[in-house]
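In C-alpha cells below, several structures.
After this come two complexes, each holding chain A, first together with chain B and then together with chain C.
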Partner chain A sequence: MIFGADVASMLLGGVAAGMVLFIVSVGLSVTMGLMGFVNLAHGGFAMLGGYAIAQAMKLWGVGFVPALVFGFVITALASAVLERLLYARLYRASELDQVLFTIGLVFMMIASVTLLVGPENQPLRLPALLQGQVNLGFTHYRTYSVVLIVVGIVIVSGLWLVFERTRIGAQIRAAVDNRRMAESLGINIGRLFTLTFAFGSGMAALGGGLGAEFLGLDPQYALKYLVYFLIVVAVGGLGRVTGVFYAALLIGVLDFTLKKYVPQGGTAFIYALTILLLLWRPQGLFGTKTT
Partner chain B sequence: MIKRIIAVVAGALALGVASAQAQEVKVGVNLPYTGIGAEFAQLVDRGMELYLKLNADRVKPYKITLIRRDVKDPSGANAKIAVQELLTQDNVDILAGWIYSPNAIASAPIVTAGKKLAVIMNAGTAHITNLSPYYVRTSFSMWHAGYALGEASAKILNAKTAVVGYTDFPPGKDSLAAFKRSFEANGGKVIDEIPMGGAGAVPDFTPFFQRAKDKKPDLFFVFVPAGDHAAAVVKTYAALGMREAGIKLIGPGDITQDTKLQAMGSAAVGLITMHHYHADLDNPENKRFVEAWKKEYGAATTPDFMAVGGYDGMAAIVHVVHALKGKIEVDAALEALKGWKFASPRGPITIDPVTRDIVMNEYLSEAVMKDGRVYQKVIGKIDGVKDACKEQKIGPCAPPAK
Partner chain C sequence: MTPAPVDWSEHPAAAAMARRHRLRAWEPIPWVAALAFYFLFPKYLGFGTELLITVLFAISLDLVLGYAGIVTLGQAAFFGAGAYTVGMLAKRGIWNEPITGLILAALVAAAVGLGSGLVLLRTQGLTLLMLTLCTMALLEEAANLAHDYTGGFDGLDSLPIAPLLGRFEFNPLYPTTQYLYVLAVLFVCFVFVRTLIYSPFGQSLTGIRENTLRMHAVGAPVRRRLVLCYALSAAIAGVAGGVWAQANAYVNLGTLGLDRAATVLIILVLGGYGRLYGAFVGAVAYMALSHFLSKIYPTAWQLGLGLLLVVIALFARNGILGIAEAAAHRLRTRATP
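Entry: the complex of A and B
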C-alpha cells in the first residue's frame, strides 16, 4: 500500500493548497468578469486580511475562528471604502491606468504594513485541535489540510448555491455575460460591483488567514503569490465560480506533485504549462469565449 | 561655483576633523537593514554595538565610528554598490558586515580593488574567503557545522540513511556537500537531495517534506536560512508527523536560531543541531554576554549566532586598531589577525593564519523542554574545528592560483 498512501498524500496536500488558492482567487475572478477591472491589489487584500487576523489573535487573544470572521468583515469594509473612493474613478480608464493604479496600491499596502507591524513573518498559531495528524482510515494526514479541504468544499457549495439559485447570483451572472444588456434591464451594476468587490476582498482575507499555515504571512505576500492567483483566474475563466474552483484544484495538485517529484524544476513547470494552455485556449479551460 | 565652495568647505571640515581626532577609525558596515534580512542586520549590528559598549576602555584612546549602508536584499547587486560607496565616498578604513553569501561573493572584486581589511560577520559559503585576499571571517563556514554533523550523524546518532533538503542558493549547496561528504565517508548514505526553493521567500515546505517522509530515512538534514524559513521548517516537520514516523530532523543551528526557538515551542523538542553558538552555552563569557544583551535590548530579546558574529568581528577590529595604533594598512592588519586568539561567548576562537577563516568549537545540541522553555542541551563537543572545505581543498575551496 506504499503506492496508495503516496498518491493519497499527494492528492490531499495538493487539494488543500488548491482550496487556499480558490478561496483567495474567487473574488478576483468575479470582479474581473463583472467590470473587466484588472485588480492587481487583490493579493494585497489577502495580505491585509491575514494581518488583521494575526493581529487580532496576538493583541486581543481572540480565537482562530472569530479572528477569521473579524478579518473578513474588516477587509470587506475597507475594500468597499477604497472601491467607492478610488476604484470607481477608474472604471472607464484604460487597462494600463488600472494596472498602474492597482500596482501602486500594492506598494502602498506593503510599505504601510512594514512600517506599522514590521518586515518579519507573522506567526499564526493554529488551535491545538487543528494541529497534528488525523487518521482517515486509509492513511494518516495533516489535520489542518483535511480541515481546509472540508472548509473549501463548504465554501464552494455555498457560493454555487448563491450564484445559481438566488436573485443576486442571477444578476451577477447576467452582468458577467453581457453588462450592457443587464444594465438596460435595470440591474444596478455599480451597486452590484461594490457588493461583489467587498465580498471578494473578504474572501481573499479569509484565504490569507487560512493559508498562512502554508504560505506564511509577510509584507511581500501581496506580490509573491499574485502570479498564482492570476494563473488560477486565467485558467478558470472570468466570472465563473466553478471554473475557478476546478482551476485552483488542478493547479494546487499539479504544483504540489511537480514540487514533490521534480523539485529541481522549481516553479518553472507551472508557468510553462500556463503559457501552453493559454495559447491553446485563451479564454481559459472553463471560460466561455467572449464575443 | 557653488559646487566648488561646497567641495572646499567639505575638504576643510574633513581636514579639521582628521586633525582634531587623528585616532578615529572608520568602519564601513554593509547589512540588509530593510527588507527580508532586516532582523538579521539588527542582530549583527547590536552585536557590534554591544562589544564597543562593554569594552569602551579597551577601545581607548581610539575612536571607532560605524558608517552603515543598507544592502536591502541577497541579490549581490546592491551590496556591491554599497561597498563601493563606502570605499570611494566615505573613505572607510575597514569594511565589515555581509549577512548573505551572494552579497559577499559579489563584493569580492571591489574589496580586492579597494585594498581594505574586510571582516565577514555572517555569510557562510566556504570558498568566500578565497575570493579576496582581504576577507577575514569571524562567523562560520557552512562546512564547520555541516561536516561535523555528517560525522556525528554516523558515529553518535548511529544513522545509516539521510535525506537532505536545502534552500537552493550557495550556502545551501555548500551545506549539502559538507554533510554528504563526511556522512558518506563514515558509512552513511544520502538517499535523496531536495532543493527547496530560493532564499528570497519562504516557500510552502509541505511537498518537499512529504517527499522526504516517503523515502523513510533515519535522518532528515535540513539547511535553510535562519529566521522565518527555519520557523516554517519546524512547523511543517511537526504537522506532517515525521517525528512519529521515526525520522529525526537535524541541521546546522540555523533551524534552532535562538530568536525563533521559543516561538516554535514544543514543535522544536528533539531537534538535533551542530553549531558553534547558541544562547544556552555554559561558559562565563557567554553568561556575561547574554546578561548584558538582555539588559541592553530587553529581557524578551536574545542574542544568537549572528549577534556573536558581529560581536567577535568587532573584537577583531578593535584588536587590529590597537595593534596598528590607529593607522590601518591592510597587509599589516591581516598580519595582526593571523593567529589572533579571543575568548568569545562561543568558546575560544582563533583566526587560521593560512585561510583567514575562523577556528572554533562545534557543539552538538538537542532541544529539550526545561522550566517551560525550549532549552538547547549540549550532548557533544568538538574542539578547534577548521573549515573542512579549505582543509581538504575541495572544489572552489582549493587555494586560488597565484
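Entry: the complex of A and C
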C-alpha cells in the first residue's frame, strides 16, 4: 500500500512537471514545424513572460491569475513585433544564421533582464488557495501540482480542438505537412506564422509563470532549460500538439523519477535516451516523415 | 574534321583553380604578429596563449562548419575530450610528456568524433543540431559523474606536465614556454588544415556544403567524407583542448560546456567562417573586446554581444573578413572602370 502511494505521488509530480514542459514547448514545436525555424530564443520568451508575471504581482499587487493573463498578452504582443521586424527576414536564411540570431536574442534578453530587475532568483508567491495539500481519495498531494495537471489537461484539450476542429487549425496542419502546397491553395503563411508564433510565445510565458514554483526564475532560465524544451520538441515530432504532449509527459515523469532515485546520473540517462531515440526515429516518436 | 585540341591549362578558370592554394603575400602577417607579440608584450603572454588556443579551436570548427557545412553546437565535446585525456593521464602519473600527450589527446578526440559522427551524421537539420548538443551534454554529465577519475565538478588541478623536450619548464606565472609551444602547435595544425581544404578531399567538402544532392549524383561518398571531416575536426579540437590543459595545468567541466561551444561559434562567425583566417580575426576581435569589457561591465558585454550576433546574422553573414573583402572588391572595381 505504501508502495502504491509512492508510485502515485511520483507519477503526479512527474505529470505536473510534464504539463509545464508541454505548455512551454508546444509553441516551439508548431513554429519549428511550420517554418523550419530553429528558434533557440523560445526559452527566453518563457523567461521574459515569467518575469512579467512576477513583476506584475510584486509591483502592482495583482493576483496570480490576472498576472498570468497579463504575462501571456504582453509576451505574445512583444514576440509578434519581433517576428514581423526581425524573424521574418530570416525564414529563407541558413540554419546557422537562425541559430546565431536567436542565440544573440537570448543573450540580449538575459542581459536586459539582469540590468532591469537583477540577477537573483525571483520568488513567485502562490495564492493561499493553491498552497497546501489536497485529499485525492487515495493519497494526499500538493494542491498546486494537481491544479497544474488540471490546467494542462484543459489546455491540451483546447489546443487539440483548435487544431483538429477549426479552420485555422486545419490551415496550420496543412502548412506543417506541405508549406508550398498550402501556399498554392491561398493560405497566407506569413500571417498564420505571426499568429502561431505570438500564441506560442504567450504559451511559453504562461509556462514560465506556472513552472516558476519548481523550475525557479532567474535570467539564466532562458538557457538552462533550453535543452529540455528542445528534447521535448525533437522527441514529440515537429508541429504535432499531441506528440509534444506525450513527449512532455514522458520526459517529465522520467526526469522526476530519475532525480528522486538516481540524483547523480538521471540527466545523463535522459540525454542518452534522446540520442538513441532520435537515431531510431529522426522525425521524433510521434512525428511523421516530412518531405 | 576533328576540332583542334583546346589547351585548358590556359583557361582563366583553370588558372584560378591552380592558383588558389598558393601562398599569398599577406599570409605570413598573423605569424609575424604572433612572434612580435611575444617580444612586445611579455606581461600579456598568458592572454596571448589563451588567444592562440582559441584560434586553434576555432579553426577546428571552421573545418566542419565553414567547409563541410555541418552546423554543430557540440564542438566543445572534443575540446573537453582532449583536455581530459591530457589531464587524467597526467594526474594519475601515467603519461605527462607534452607532445606525445597531444597526439594521444588528438587520437581520443578523433575516436569520439568518429564514433559520434558515424551515428549523428545520418541526420540533418534540427535533429543533427539537437544530437550534437545532447552528445556534448552527455559527455559533460559523464565527466561530472566519474568523480574518481575526472575530479567531478572541481576538475583536476596542478597537473604535473613534464618539461617540453625534457628541457623547457611550463611555468604558470611566466608562460613563455607555453606561448611558443602553443604557437608551434597552432602552426603545424594550421598548415595541415590549409593543405587539407585545398586538396581534392577539401574541395569535395565544399561541394557537399554547396549542393549535397549533386555530390551524391556525381558519385562522391558523401557520408564517408562528412564523417572523416568530422573526425579530423574533432582531432584538432582535441589538440586545442589538450594544449589548453597543458598550458593551464588544469581541466574542469567548463571545457565541455555549452558556453565554450557557443563562444567558439561566435568567434568564428564574427571573423567569417569558411575562410581559414576568420578564426584569427574573430578570436583577436572577440578576446580583445571581452578581455577589456567583460570584466568592467559583464552585463553590458553580454547585451552588446547579443546585439552583435543579431546584427551579424541579419546584415553581415560573412563576418569581419566578409566586410573587408566586399570593401576591397569595391575599391578594386572603382580603380579599374
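The rule is simple: the second predicted complex is superposed on the first by the 290 of 291 C-alpha atoms of A that agree within 3 Å, B and C clash if a C-alpha of one lies under 4 Å from a C-alpha of the other, contacts with A are read in each partner's own complex, and residues count from 1 in each chain.
Note that in this section a contact is a pair of C-beta atoms (placed from the backbone, for glycine too) under 8 Å apart; a residue touches a chain by one contact, two chains touch by 3 or more.
No experiment lies behind these values; they were computed from the predicted model shown.
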{"item": "Combined model on chain A: chain C and chain B, fit or clash", "value": "fit"}
{"item": "Touching partner for A:Ala234 - first (chain B), second (chain C), both, neither", "value": "second"}
{"item": "Cα-centre angle that chain B and chain C span when viewed from chain A, reported as a multiple of 10 degrees", "value": "70"}
{"item": "First, second, both or neither for A:Gln131, with chain B first and chain C second", "value": "first"}
{"item": "Partner, of chain C and chain B, that touches more residues belonging to chain A", "value": "C"}
{"item": "Chain B versus chain C as contact partner of A:Ile110, first or second or both or neither", "value": "second"}
{"item": "Which of chain B and chain C A:Gly158 touches, first, second, both or neither", "value": "neither"}
{"item": "Touched partner set for A:Lys260, first chain B, second chain C, both or neither", "value": "first"}
{"item": "Partner chain(s) touched by A:Gly13 [first = chain B, second = chain C, both, neither]", "value": "first"}
{"item": "Which superposed partner A:Ile275 touches (first chain B, second chain C, both, neither)", "value": "second"}
{"item": "Lowest C-alpha to C-alpha distance for chain C against chain B (Å)", "value": "6"}
{"item": "Intersection of chain A interface sets (partners chain B, chain C)", "value": "114, 264"}
{"item": "Of chain C, residues touching chain A in the complex", "value": "65, 71, 73, 119, 122-123, 125-127, 129-131, 133-135, 137-138, 141-142, 145, 258, 262, 265-266, 269, 273, 299-300, 302-303, 305-314, 317"}
{"item": "Footprint of chain A on chain B - complex, ascending", "value": "34-36, 38-39, 168, 194-198, 201-202, 204, 206-208, 210-211, 214, 227-228, 231-232, 235, 238-241, 244, 263"}
{"item": "Residues of chain A defined as touching chain B within the complex", "value": "2, 6, 9-10, 13, 17, 114, 118-121, 123, 131-133, 140, 142, 144-145, 213-216, 218, 220, 224, 255-257, 259-261, 263-264, 266"}
{"item": "Residue numbers on chain A that touch chain C, as the complex places them", "value": "32, 36, 38, 86, 89-90, 93-101, 103-112, 114-115, 223, 227, 230-231, 234, 238, 264-265, 267-268, 271-272, 274-275, 278-279, 282-283"}
